[in-house]
């Protein structure tokens, strides 16, 4: 019994690290562009599909780690330019637009990849004994990759030109423009970064979950939970919330239904929204 | 000695490290037009926000005709008879000019009927038409308020203030951004209203202030710097200093007083 | 041709069409389209609930499927579980939906609009998962089936929904009554209050409107509309399932409304008709009709953000201005746009 708890908690922790990447993408889009991105779960799903295709085309799993975020970035940038920008940030319209986007992405995947969910073989087979079961090595590896990617992203924000621009525009748009930062271009690139993060999360997660055109539907509410509970505009908070929520859900699953676990996270999220909408964690807020 | 129409006791409001309104105890008698002036950041609009209920004070109390209204919600304070305009002109942009006036008048009653046709209220309709005439916007009645010119929006705001039959009217920079012609029109209207309504007005335009105010209170850094009749204020050294720093040039000072 | 004549003409022919459907449609095409039109009427009422909140009060709710679900399950469980007859079951569905709207609205309506939109989804997801986990009661995603009891009994005559013509007229009557109620509310003092809050909630509170209470009232009214559509849906399909409480269903209502034209009476109807007709026509030839739906949503939002009816109103206004320039000065109008 104790082993099951630890096992599920561990799964939750690892999944939380991966989700943190995806939620970070959403937080960046929501925080900077003020868009409730209904298609964000589908960005993740597209990442899993890109990983699948790069594996079946090249026979090499690891290429997916480059292909998914790269293509994701390009698609994201194009979407921002073609769809989001013409709407001039009218929030309600962008919800409809991202809803339409979600449908389009799902259908395109359905057409190219098919409607049947498929499993992807992990590149690192094998298990090690942990908590009384044979625990997949790839899961541990995925956790490490996720941590490295998260660290890399925060370094990117601190030290690269684009990262600094993104932070400046989010902090104070008018001043940033006055200082010569090309805000429009930052928006395009930000959307691309958001998609890339989600897609990368998809590539990492692909062997752990199924590759399925409906794979984004479940991920989306979870990402929003992480962003809200972590605090809008609070990027480290989003990461912490994602890991914490997933971990807690894992724990709860050891003695109750996954559905019950999900309901408890949702109830927690409602409480946060009603009582402390700025999120549970202190940090850099908007 | 009659009850002052508005009185505050040690009213204080801070924003983070900044004290916007500092231990303000002010008493304004009825039947007069009060102007509140002061340099930017003096706390004038914050004062209005505290009185109208948009902000709660950190400490202190607000009394309206002897009644403690501290902490009441904005719509409750509005129902008691205090109406205000906002610094940035604010109406209902998608509603027509007539509808703006109509809903302002209707908001007086507790109960908004859910099924009766709005157009069937003939009393309201005639009040709206009369007010339109008073503010000179009859020709624009059907236009969405958002399409009006700045000066017309300001007049609409004054119209909305009138039709709500306020007991105390707080005007926040009503002539801001107006042309000279629009300003005189507005000033004439305000003088007219002052005959029956108690008015407190925040203004930067000194011509307007000295033209209509019976009393002036000067705020600086959230506290009262000086108060008195227009003549007294015009002569007050501290007022000149607050607006300019040290007066180095007589002409410069003269110009500022009459700016 | 003045604007008024055009609009009256259209309304009249539309009404005539709707009344003639059970005889006109089978004469022109497949019988099956009668039930499609019935479905369109039900879903447009659902879209109208999102429209009331978003178009007239400025509250974007992404969780109307919750109240739809309560209406639906109220009927299904009322009949299947409690053995109620038609009208009590109908009533149960509506009351359940309104009660849920009141309960969740008390909390939700306090929030500013981003968080409001999110919490409406969260509430609807909580109950979706509850419904899925209470499978023995609700049938989960598979749902439960039931046979609807007769609607009216007069002496020996029995009217039941098994007669497709009667069913169509029943749905038409219910939907018409609801739209009529909505019309009265929008043109009433309360409706003007809603519009004021939508345009400028700060100003609304300053003129004395209790923004919280008015939003709550609107939320419960929208819950009523969603509940009625859910109840009608249960009767129509003899079926209730948790899938209809999922957020994508709520999202569709919002999309149909905005594409049709938010803040207009007929917007939800036009939007719903468009999307369902496309779905029916395209899906018989090509299974990827969602692609078209998604594309349409995006194109409308970019090129016609006021929606189809919004575009129409724009043309009509220009037409009206042309007329006005030619004749009398503009009248003092106190009506909301239809």
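General remarks:
In this document, chain identifiers A, B and C correspond to the written order of the chains, with residue numbering beginning at 1 in each.
One rule holds for everything that comes next: a contact is a pair of C-beta atoms (placed from the backbone, for glycine too) under 8 Å apart; a residue touches a chain by one contact, two chains touch by 3 or more.
Every value quoted in this text rests on a predicted model; they were computed, and no experiment measured them.
Steps from chain A to chain B, minimised over paths through touching chains, total 2. Taking each chain's centre as the mean of its CA atoms, A is the chain most distant from chain B. Separating the centre of chain A from that of chain B, both taken as means of CA atoms, is a distance of 49 Å. Chain A and chain C have Cα centroids lying 33 Å from one another.
The distance from the centre of chain B to the centre of chain C, with each centre set as the mean of the Cα atoms, comes to 43 Å. Residues of chain C touching chain A in their complex: 54, 60, 62, 107, 110-111, 113-115, 117-119, 121-123, 125-126, 129-130, 132-133, 247-248, 251, 254-255, 258-259, 262, 288, 290-291, 293-298, 300-302, 305. Here chain C touches chain B in the complex through residues 181, 184-185, 187-193, 195-196, 198-200, 202-211, 214, 217, 330-335, going by the rule given at the top. Residues of chain B that touch chain C in their complex: 52, 54, 73-75, 78-79, 83-84, 86, 90-96, 98-99, 102-104, 106-108, 112-119, 121, 125, 128-129, 141-142, 160, 164. The touching residues of chain A, counted against chain C in their complex, run 36, 38, 83, 86-87, 90-97, 99-104, 106-108, 110-111, 217, 221, 224, 228, 257, 259-260, 262-263, 266-267, 269-270, 273-274, 277.
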